[in-house]
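So, here come the structures, one by one.
Next come two complexes built around chain A: one with chain B, the other with chain C.
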Partner chain A sequence: MKFTTLLASAAMALGLATGAMAEDKTKVGFVYVGPVGDGGWTYEHNKGRLAVEDHFGDKVETVFVESVPEGPDAERVMTQMALEGADLIFTTSFGYMDPTINVAKKFPNVKFEHATGYKTADNVSVYSARFYEGRAVQGHIAGNMTKSNIIGYIGSYPIPEVIRGINSAYIHAKKVNPDVEFKIVWAYTWFDPAKEADAATVLIEQGADVILQHTDSTAPQAAAQEAGNVVTFGQASDMSEYAPFPRVSSIIDDWAPYYIARTQAVMDGTWESANTWDGIREGMVAIGEISDAVPADVKEEALALKAAMAAGEYHPFTGPLKRQDGSDWLAEGEVADDGTLAGMNFYVEGLEGEIPQ
Partner chain B sequence: MIVLEKRPQPSKAWSYATPLVAVLATMVFGGILFAILGKNPIEAIGTIFWEPLFGEFAFYYRPQLLVKGAPLVLIAIGLSLGFRAGIWNIGAEGQYIMGAIFGAGAGLAFFPMDAFFIFPIMVIAGAFGGWLWAMIPAFLKVRFGTNEILVSLMLVYVAEQMLASVSLGLLKNPEGFGFPGSRNLQQYDSAHNAELIAGSGMHWGVVTALIAVIFAYILLNRHMLGFHIRLTGEAPRAAKFAGVNPARLILFCLGLSGALAGLAGMFEVSGPSGVVSIDFNVGYGFTAIIVAFLGRLHPVGILLAGGLMALTYIGGEIAQSQLGLPAAAIQVFQGMLLFFLLAFDLLTNYRIRAARSEVA
Partner chain C sequence: MDLGEINPVLLVASLMVAATPLLLAAIGELVVEKAGVLNLGVEGMMIVGAISGFAISVETGSPWLGFVAAAIGGAVLSLLFVLLTQVALANQVASGLALTLFGLGFSALMGQSYVGVKPPSMGDIHIPVISDIPVIGPILFQHDPILYVGIALTAAVWATLKYTRVGLILRAVGENHDAAHALGYKVIKIRIMAILFGGACAGLGGAYISLIRVPQWTEGMTAGVGWIALALVVFASWKPWRALLGAYLFGGITVLQLNLQAAGVAIPVEYLAMSPYIITILVLVILSADKSSAPASLGRTFHASH
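Now for the complex of A and B:
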């Protein structure tokens, strides 16, 4: 780290000496769905941006626009970045999918990277992380920690990414606690502290003593803290300000290595459209420190689970598994394929309620 | 000591000057805010107001002003008629959503047929959707005397739930791999509200907004109904004697503002947005309330206010990416505009006088 900073400042000094350097700067743009201070999803993407700046120093210039609504506004923001000379643009929310494709058509020389989507083009890559691997660890801890056997889950939108997370957490909670029950609330937002706090409160009132969230703010943590004996997990970011309790662990998205690699590829001229889906093994998904509020043996098992996934020895969706309607999904020892996971639109057996249609 | 003294007549001069003074005050105090954030205030204000109109990439931003301003103007025109008569439709956001759902739904019902009549049907369906949603508070008010402010506002949240429901179910793109959101209408020619001249930003919604401005002007100044609307707002008792039927007026004002908001939603979903999705609405219906008041409830004023509001949106985004201003600072800046407008509005009806303090 120190060494790169040194390099960076050296490069900056050089840059100041030769004004012409500015022309060769690679410009990288970021479009964020929430504010950079959300403490979750956007916060981590912004950390990735800062890492790019740190790594390349004066060779890059980064720009970002935060809290951009998904839709025509996003299209305008991306166009604006492309017009102003961005070479590479990361669009970091699912709802930016069609706008990204539209703008990419108009600027064939600009490279685009869309997070969590599925539409690619010659100059559009998609990337996402296997958050469900982290959910497996969470589910394991949650199943052990709950005393009421009710686990609350704050869903954002009923899209495959979120449903995968619910299924993965449920499967692993059920494994250690056959009596466990999931209560799911859909917030229909990625970031809205007020709505998230309401959802957490409703779940706590219904008897949940563990809350999992797929929304980005720390409001559920605050609600849990107020309730006193409710366990939570950091989402997207470590949220360590609520450790050691109520936040007992977290799923951390680490975008920095990917952002640095892709920026490097643009600089080298080796950038190609790709579909990246990395997990714990590649380091895109990390598990935040498991606090002492978790019993030592549970912590050990959780870490072993994580290690098995990191080594590629264990897949969270391994048969035998059935769908909610009782039909067979995976046979004994069979592992889910990426195609099914990418479009997952069903609950596994045992989960109650319906996916909103 | 300073006292406020009520003017015998509202000041004409102040009623015109207020919006300008409010804009200036917003610039000054916004500039101070930006300076506190460590940005050069002149540069920041300059970026917001100058860049979109005359900057290097104005060729792209100017059409975008139309795209962003048109729904604001269209909705605000409808709202202003009701506001003038003291009928408060706060739920334009919900009517906007329903217009989009009805409009897009009508179009998608024909998919993949190609025919000239599909788009006109969508226009009618969009207006109908908005009208229908506004008729709920109108009917309840006329029949049971409920408060239209509360009912129309609450119906926004109902509309949002319906939007989520159709995005996930009824209108979901069957080829969308299970993801929510409808087919993209931009890729369905018969239903696409395309730019009339490529690159101009001019789509049917912009044209409709301009027509609405003209019709509202004529209605208010040359038509009996417009006279009744103004009379009801300014002198309710006189209106009664003049034979104004309050129920009819409520149904007309709410219905029209709902239909226009519905149209705005329909033009947005079939054009710039293209997709019915859970996040389709971004607050045009609420921002239009600011636009209506900023424009003094006058059609031409609303046109200018809509343009100004669009300018702060687009300029604000440029300031974010070029100068690194936080999004929240831009929102505060926009909020200031309404705040100062309301504050200075006081001067229309009151004058400030220095008075000697007297012993009570």
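Now for the complex of A and C:
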């Protein structure tokens, strides 16, 4: 009896001691949808995590779990992280939205940050980047580069973020090339190199000579390289190992400054639930180097477009724009509001096919 | 919608490519299960094969050596499973799962320096005359050699299991290991050989993804093919030709649904996306109405003292 009490109190003391030690360090958790070596989306988030470690040194401890499926399993992973003492948890895929909210309810003292979603709570922030600004630049280059006038687009899931990208790319491709046609394939995965390569191959077989992807691996780049004269763009990360051709440019997500700022806020006790949506201007979206495979005049126009968006002079969704069914959306000169963009569930006029619901 | 945009010849040709990794892994696992061992580590052995093959073919410049290395890599990893289940008599399900987890992590470690590297191309076989026959030529005679290896392996496994003494012994071990042991067959030895064969096949299947189908190295690139192969073996009632049919159905519908999507066919995409799974299961379940059942000793640990 005495011995067990002794043990128990020793264990408690030990527990308190480690608890006190953990106080010094801010523990930041990251939940990834793919492997850190995917070369795209998760790779960039992980770079952000490493930047946090670099910046704060001994003052932080980061943990991550990779290849977490979107669904109930994500809840288990987040719960585990919270139980292990994480102060701040970044959940980095759209499909973690409800799991994040559910787990956040159980741990009111842990701060959560969900990427690309729209549900917030007292301890849940959302953050995303205005990828559609990058898509505008891609669309501009793609419309100029295509000879077959068929642009293939590999979608992951039919969620607003992906649909915005398709619309933005299409609007800007159409501007420079009225004959352009988009072929859209939904892969229903964020990361499956074999399937992504299959999708790219199918699009190429059906005449596409430019491939845009909204999936996370570099497999479509490899498929395009294999096919020869097909143009691609890096997605989420620079994918420069496929430059200068087929990859002629890219959208790069730079999460590091945001992750550092939010970690700092937790340390200072100033963290508040927020809704952050930054673009080229703030540096969260960068355009990877446009390679020499792109004609000089096209490159110049693309850079001008980027500069206009960075200066806030141009919005990719500026009227006149109609919806796919022909109804009016934006009047001449009108700019889309963030609310509509955040929940975008329709194609703009000219795109073919239906969005899976 | 324009179905004319789908080229049926290219479609059939690419479905065979999409099906091959699945077929190779499934045939290997089929032999393992016929010997009475359930190895859930297919995914792990595939991904290790994928990186072993990729690394060696990049280093040597020879895709052939790459495939040999992939088979060896898969087999070496399966040795771990052998140690756990045949020597230490550990639980097969747990050991198999551990093998997959270990394989995924280990391959990521091995592959650190191979991200973004382009492997040497194997090239397709072009047999003069017959590969120039319209339609049939591009479908049947213009593929990479490993695709034919997959088909040949299926035929070989089928013939071996059905007609040879070796096949009979293997099946005996899988059906009733005590009886086989009583007859003087070395149950453990036979099972070890089967597991190594399964590992080598899974390795080949993985390398097919990293060297031919994609071709590149990315962490976790097998993305669940190993699990589908496991399911395929069951739904194919442990029969090699049905496994081939199932793999081609699955690969075929995967490619076909992407083609239909790209051509803008007015079928809801959700149905198209789930169709490979549903149709493959349906067809194989209907085929297995003849009540062929699993090897009786499947998943049971054998110890000679029993």
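The rule is short, and it goes like this: the second predicted complex is superposed on the first by the 334 of 357 C-alpha atoms of A that agree within 3 Å, B and C clash if a C-alpha of one lies under 4 Å from a C-alpha of the other, contacts with A are read in each partner's own complex, and residues count from 1 in each chain.
Basically, a contact is a pair of C-beta atoms (placed from the backbone, for glycine too) under 8 Å apart; a residue touches a chain by one contact, two chains touch by 3 or more.
Predicted model only: the values in this text are computed from it and were never measured.
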item	value
Clash or fit (per the criteria above) of chain B with chain C on chain A	clash
Touching partner for A:P35 - first (chain B), second (chain C), both, neither	both
Contacts of A:K195 with chain B and chain C, given as first, second, both or neither	second
Contacts of A:F245 with chain B and chain C, given as first, second, both or neither	neither
First, second, both or neither for A:D98, with chain B first and chain C second	first
Which superposed partner A:N345 touches (first chain B, second chain C, both, neither)	first
First, second, both or neither for A:V63, with chain B first and chain C second	first
First (chain B), second (chain C), both or neither touched by A:F107	neither
Which of chain B and chain C A:P356 touches, first, second, both or neither	both
Touching partner for A:Q206 - first (chain B), second (chain C), both, neither	second
Where chain C runs into chain B (options 96-104, 114-122, 132-140 or 204-212)	96-104
Intersection of chain A interface sets (partners chain B, chain C)	35-36, 67, 158, 188, 356
Of chain B, residues touching chain A in the complex	57, 60-61, 64, 67-68, 160, 164-165, 168-169, 172, 177-180, 184, 186, 268, 272-275, 277-280, 282, 313-314, 317-318, 320-322, 324, 326-328
Residues on chain A engaged by chain B in the complex (per definition of touch)	29, 35-36, 63-73, 75-77, 79-81, 83-84, 94-95, 98, 102, 118, 157-160, 188, 342-345, 356-357
Residue ranges of chain A touching chain C (in the complex, touch as defined)	34-39, 67, 152, 158, 183-186, 188-189, 191-195, 197-199, 201-203, 205-207, 217-219, 221-223, 225-226, 241-242, 352-354, 356
Contacting residues of chain C [partner chain A, same complex]	5-7, 10-11, 14, 18, 21, 104, 108, 111-112, 115-118, 121, 209, 213-216, 218-225, 254-255, 258-259, 261-264, 266, 268-270, 273
